[in-house]
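Per-chain residue numbering starts at 1, and chain names A, B, C and D are given in the order in which the chains are listed.
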Amino acid sequence: MTALYLTLAFPLFGTLLMALITRCRLAGWLNIALSTATLAASAALAWQVLDDGPLLSPGKFFYIDAFNVYLVALTAFVGLTTAIFSRPYMTHELARGRVNSRRMRLYHSMYQGFLFTMLLALSTNNLGILWVSMEGATLATVLLVSLYRTPESVEAAWKYFILCGVGIAQALFGTVLLYFSAAAQLPKADDGLLWTALHGVAAHLDPTVMSIAFVFLLVGYGTKVGLVPLHNWLPDAHSEGPTPMSAVLSGLLLNVALYAVVRVKMLVDGALQHSTTFAHPHLTGDLMMAFGLLSFLVAGLFLHRQRDIKRMFSYSSIEHMGLMTFAFGLGGPLATFGALLHMTVHSLTKSSIFVTVGHATHIAKTQAIDHIRGLIRTQPAVGWGLLLGVAAIAGFPPFGVFTSEFLLLTATMQSQPWLTVVLLAGLAIAFAGLFRHLHPMVYGAQPEGQHPVQANMLPVIIHLLLVLWLGISIPLFLAHWFNQATLLITGKGLL
Amino acid sequence: MVLQSAYLAVILALASAAVSLGANRFPALLKSFAFPLLGLSGFAAVGAGLGALVTATTSVARLPFGLPWLPWEVRIDPLAGFFLLLIGVVVVAVALYGPGYVREFQHERHPVAALGAFTGLFVAAMQLVVMADDAFLFMVAWELMSLASYFLVAFQHENAANRRAAFLYLLMAQIGGLAILLSYGVLATFAGSFAFEAMRHAHVPLLWSAVAFGLALFGFGMKAGLVPLHAWLPEAHPVAPSHISALMSGVMLKVAVYGFIRVTFDLIGTVQVSWGVIVLLVGSASALLGVLYAMQQSDLKRLLAYSSIENVGIIFIALGLSLVFLGAGQPLLASLGLIAALYHSLNHSLFKSLLFLGAGAVIQQTHEHSIEHMGGLLKRLPYTGIFFLIGCISIASLPPFNGFVSEWLTLQTALQGVVLQSGVLRIIIPVAAAMLALTGALAAMVFVKVYGVAFLGQPRTRRSRHARMPDIGMRAAQALLALLCLVLGVLPNLAINLMAAIPRTLRHLPEPGATAHGWLWLTPVAPQVASYSAPLVLLGLALAWLLSYLFLHGRRNRSIRRVPAWDCGFGPLSPRMQYTGAAFSMPIRRIFQPVWKVDERIERVTDDKGLRLTGLRHQLQIGDVSWSVLYEPIGRWVLIAARRVALLQSGNIRTYLAYSFFTLLFLLWLIT
Amino acid sequence: MNITHFTLQEQAILIIAALVLFSSFSLLAQTRIISSIHAFAWQGALVAAATALVAFVANQHHLYISALLTLALKAILIPWILHRLVVKLEIAREVETVVHPALVMLGAAVLVAFSYYVALPVEKLSLLATRNTIAISMSVVLLGMLMMVTRRQAVTQVVGFMSMENGLFFAAVVSTHGMPMVVELGVAFDVLVATVIFGVFFFQIRESIESLDVDRLNRLAETDESAAVAEADVAGESE
Amino acid sequence: MADYLNPQGWLLALLQTLLFVAAAPLLVGWIRLLKATLQNRRAASPLQPYRDLIKLFGKEPVVADTASVIFRAAPYVVFSTTVVTAAVIPLIAVNLPTAAIADVIVLVGFLALARFFLALAGMDVGTAFGGMGASREMTISSLGEPAMLMAIFTLTMTAQSTNIAHAIDFMLSSGFVLRPSFMFALFGMLLVAVAETGRIPVDNPTTHLELTMLHEAMILEYSGRHLALMEWAAQLKLMIYGVLIVNVFLPWGIATRLTPQALLLGLVTVLVKLMALAVVLAVAETGLAKMRLFRAPEFLNLAFLLALLGMLSHVILEVGA
């Protein structure tokens, strides 16, 4: 229990502390230190949960099970590595004069605040608090998106704010409906938002209300997941903010939003599948599959027309989130296992890609793909990092993304054989879209006036090594971990 | 024992990859460690292969990698052993050749570390593909193979053409890989597992097995370069460093063939005659078109790449015959066809690697890629010249070299089509065989062109006039391969006896009695049907040569006078008077007009006043038709779709809000 | 059961609900920013009143607190902040044109009908007298979105957003006597912070495009013509 | 091939080969004589080719200084390959051990090998004519090969063997049967033979007009014994095709048992048949004119078509589907 509180306390404390610290250099290091502490705490928490099962805090306010604890650990981990990357990066930005020390203060404080909201959203047991912290995440990041104060960044931030705000509002309406239908079933009305309580009585909840609620929640949290056609804010926000922000947004925020959707789906499924009257019991799954597939294909096509490197990779994030949504919608242990694995490898790979992209943009002094050239010649570490990262995200073995996609395709083939063709077509299109832009950036001779920058490739190396490891062989404890999560979500395990 | 040796091969290859990572800082590493390790890996592979073939045993193992419920299964049966052998031989040659060849790159400060590392990975991946016994490991190794070779293709990425080739290669490799994955998926759905062992015993309904077969043909055909899925091959093979081209053309295509054989003959239980016919037709088309395209190339390595398409086509003709006979219940002939296909795979990997290594030596010395700029090289590079000649004779399938034997076996198999019931097949098969004959004859013409233009006559450019001999290692590699070409041509029974176990262990086919009458006679079906004795042929040739030589030189005036060429009395010869490659292939270009996208124009160059004609400029571009009819349209469709989709991102926030709004309303309407 | 079976207070709640709906319509109809802010304030007040009434009827004491909260936040604080911002930005007198106002009104009416149709099955479930108001609250939410879609003014968009929040809050109150306290506090906090940040953004937008017309925030489009523009920008950047 | 160990058979095979090689120039002389008489010219003696060969052997060979080793090796390769080819063809007797060494497909391979080196030799000196000749020769032969194989297939489908000796045995054993497939195959074979041996109307062995010659263009630079070998090989090739045609399609009279009288009979009959064939050839060559190079493909397509018809008629008329 203390581990949990510490996990939440460190970033919260960090948020306040950073707001006071004026010396950027110190702040950068502190940022790393706090993230390390958070990671340690979350690791302890994970260990505890793995050993003696789910964990319900007194007052039922927090609930930690295999599903969210691994996301907690992942969040803390990526938070740390990104913090490591962000220190030299932001110092460089400061040197370039794109930010001043006041904004640096804001940046660091909000970085911790963002981590806090993420961890809170993951660990809470109360759907209302889940909503509150999701909104909090938006509030924490929106000012960072407009950190550079360029017209584009302000515009992006505004869109991000409005669209996510509206989406989140819809989610709140869905939550209210949930509460409403639960209140009828539960003795104590105040428990009506506790996930544990709801899950207990899910079978008795009214299917119609639940389905309406699910629609609101799906559209609401789906906006934050970035499902087409609710995705429009995502490429803007990811491309205009500082790169460490893009890394955590792509690597973490989307995961957490999807996590919320899945949690809700579990409830609604409980209601729908036990009811005898309701017309289509697989509504949730079908909706998610439809959204997922749509996002997957559309994002793949979008990749072909990108001019901004960060924008391109944010579209690839949409694509992969679509794939995961599809997989969760597909249901079944195999698909779910694959989706969980994909969540992990995607956030690892994608954040590492954004790290390299950050360095690349520093080398070329622009984000325009047309002006990033010959990275391998200019700075081999960055060039190869980008190349390998993209190869990994494109699903090439021996990287883990291949494994998860392999599982997803297998699962699809078993339940929906014809959708497999669509998936494969989408994969091919997305692949072509990524590489056609990647090639001229990494290959070719070194353009004049382009010099190496002081880059910290440690996060990239760590992430890629982890992904490689997951691709060659999944360690047993991790497999069991995923398996428990699968057990929770689908009711039957894989191992 | 076999397994250990195979593991050793993989580990050594990986070790060589690891070692060469340091090559940028210590260039000596490559020469003194990386390539020797690669060579050892090759020897280990040969050992494993021979072991599996000689003992005709199947060894199985399970490695602690992969998914918890899907460990890596490894299995080496004679088929896998055969391909391990094939890989190993070429790898040994490449390891000999490498040090001398990459020195040039080191001089030009290319990052040779990447070269060495990915070469090692590439070899290891190919060995793993052959060893894999479950779809997951197979796919991992397969895609790793594609990825590593992709990096090698992109090695000299300074010029844009190479980048484009690499991109095209990776894209098509990816698509093919997905198709293969899908085909395995279909099989696994019925087998309930991704282990090959389960697939072998699964009962797949006819429709689905046909789907699986089609996907496998598509996927592996794309890798093997069957027309019209070949577009990447002539782009990618030439731009890689030559020893890599040798590996790609010589070995990687065979790995694709292996995959096809594994899936079709081994995993899919029942085989239909119609499949065989399809494979036969596709093979014939690839063979003919491949050689016709090769005919019109002037870039040496590009020409060789196209000829690889041709040879893969020949291999698939033999496979198609084998499938037809299998479906028609003629196991003996089926195994004969299989043997023919395997034999041609082995031969092609030998002489194609030989030719690519030779081409590499030539290009390294002359820095010319187009044969139109070479000429007279036989005098400058005598060894390479002779070995290259041997390669040309072999690939032109002329006796007494190895190419002829396998093509002869294929023809013999085809001739047995008479035993089939269906008259249609009895017509199709001989026509296909005639196409094969045409292909062979054209191939001979192609390589007369190559050798005649590049190695004979007079040097056409200064650089080819000053070419120098490559170093000993490079020559040794070519010598090894050339020797093997001759041995496999003269003692075919040796190789066939080695392969004899494969049809039996693969699907209990009877061994063909091709070698039933002793080492001297090759009798595919029966001595009274057809027989060929390569040793005696060689003996006869030697005898006749000797006699005529003695007969002529036993007399006086054995002296030979050297004079300027007569040339029907025209003036002194200049290199520019020689017949060019384009001119040489012109008749064929006119006869088979519609096969290419020919862009030929002749410009009249006049003096500044535009009155006097000072010269003619002849321009010739040979385009691949498959681009204009297949690939470019697809690309266009994708871009159009992307443009449509981009309208979503209109930039107006109210539109975005409207999306969200209407999505909500639509869903609400949907569920109530 | 129809309205005659209700107690007087319950009928009063229904009256207020109707007024809230009306306020949403008036928000849609307002063209002057100031007056839309006022309308928004009135809506907040009405919601607060409704909350108080519900608290009285169902004597749920914690609802009094949230009623106060609503009053303070939605009826006073936020309108005041917005008002000051508008004055600061000197757009108080600005009049924005709505395209086809009649059409918008019609659409709004349709939306109300639609949300009633959607909410029917929900209402069957509840035993509260106020359940019929769920349709109302849902339509308030939808009308808020409609307002955001139809208005080009950043400020009015915010107002629309806030009125959505009103709708949500109203729904929570009337359908289920309010959410747990902690949640409501959290929501209130978020809304407050959101308002502040909105304020910040007005100035940022203002300094970046010299106006608050959100239609002019379209540098990040990806359609072809915008691509051409982007090209030009990139070229400019590179020099 | 049970008897491939008896020395007598080998001896006979050797003799037959020598006879084959020796008789080749005579056939050419005979054809020339026939043509001359048909064209009302005073004919040279049929032994003239021998005189030419001897003269050439006597002369000192002159080699262009641009030529490489290939140029000097080619004549020997071409000649010995052709000789080996001749060795496996039953001339006067079947069932000789040599017949088993190679079947008819291998024969095609041998001829291709000879052609390969001939073409290389043509390109070696680096003159325009050599290259031109090589290009044209290879083109025509590559079009001829499928036609020839098609005709062979038609035969083998009936005879169930690609081994010439066994095919001939089959013909003899099955008696005289009128097979439409054989008719077509025979015509196809004839056309291919004409094209391959460089006779009118595809090529003109007597021309030295640079732009019309095919075979001659490749050996322009040769002289002395090299030239002699090349010429001899060409004459052998003509003889080979002739013998193939007469012995495979009309094998009657060839010796099946190795008794002296049988061999004598075989010798006589084969001579008669060859002379008859020569008459046909001479008449045809006198009647026809050489065609343009780019009509040659049509000529060979016709050959292929005939062979294909033969195969079809075999499938349809003789066995039925």
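Everything that follows uses one rule, which is that a residue touches a chain if its C-beta (ideal position, glycine included) is under 8 Å from a C-beta of that chain, and two chains touch if they have at least 3 such contacts.
Since we're looking at a predicted model, the values are computed, not measured.
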Worksheet entry | Chain pair bearing the highest count of C-beta contacts | B-D
Worksheet, complete the sentence: Using C-alpha atoms only, the most centrally placed chain is B
Worksheet item: Taking each chain's centre as its mean C-alpha position, how far apart are chain C and chain D in Å?
Response: 99
Discussion item. Just the number, please: Cα centre separation of chain A and chain D in whole Å.
Written reply: 78
Discussion item. Using mean CA coordinates as chain centres, what's the gap between chain A and chain C in Å?
Written reply: 29
Worksheet item: Hey, how far is the Cα centre of chain B from the one of chain D, in Å?
Response: 35
Response to the item:
Touching two or more other chains in chain B are residues 643, 646, 649, 653, 657, 660, 664, 668, 672
Discussion item. Counting only residues that touch at least two other chains, what does the list for chain C look like?
Written reply: 118, 121, 145, 148, 214, 217-220, 222
Worksheet item: If you look at chain A, which of its residues touch at least two other chains?
Response: 158-159, 162, 166, 170, 208, 212, 235, 302, 305
Response to the item:
Full set of chain pairs in contact is A-B, A-C, B-C, B-D
Discussion item. If we count contacts the way the header does, which residues on chain B are in touch with chain C in the complex?
Written reply: 643, 646-647, 649-654, 657-658, 660-661, 664-665, 668-669, 672
Worksheet entry | Residue numbers on chain A that touch chain C, as the complex places them | 126, 128-129, 131-132, 135-136, 139, 142-143, 146, 149-152, 154-159, 161-162, 165-166, 169-170, 172-173, 176-177, 179-181, 183-184, 189-190, 192-193, 206, 208-209, 212, 235-236, 239-240, 302, 305, 307, 366, 368, 370-371
Worksheet, complete the sentence: Seen from chain B, its contact residues with chain A in the complex are 64-69, 111, 136, 139-141, 143-144, 146-147, 154, 157-158, 160, 163, 166-167, 170-171, 174-175, 178-179, 181-182, 185-186, 188-189, 194, 638-639, 641-643, 645-646, 648-649, 653, 656-657, 659-660, 663-664, 667-668, 671-672
Item to complete: Can you check the complex and tell me which residues of chain C touch chain B?
Response: 114, 117-118, 121, 142, 145-146, 148-152, 214-215, 217-224, 226
Fill in: Residue numbers on chain B that touch chain D, as the complex places them
375-376, 378-379, 389, 393, 396-399, 404, 408, 411-412, 415, 418, 422-424, 426-427, 430-431, 433-435, 437-438, 440-442, 444-445, 448-449, 451-453, 456-458, 517, 521, 527-533, 536-537, 540-541, 543-545, 548-549, 552, 555, 557, 559-568, 573, 575, 577-580, 583-588, 590-591
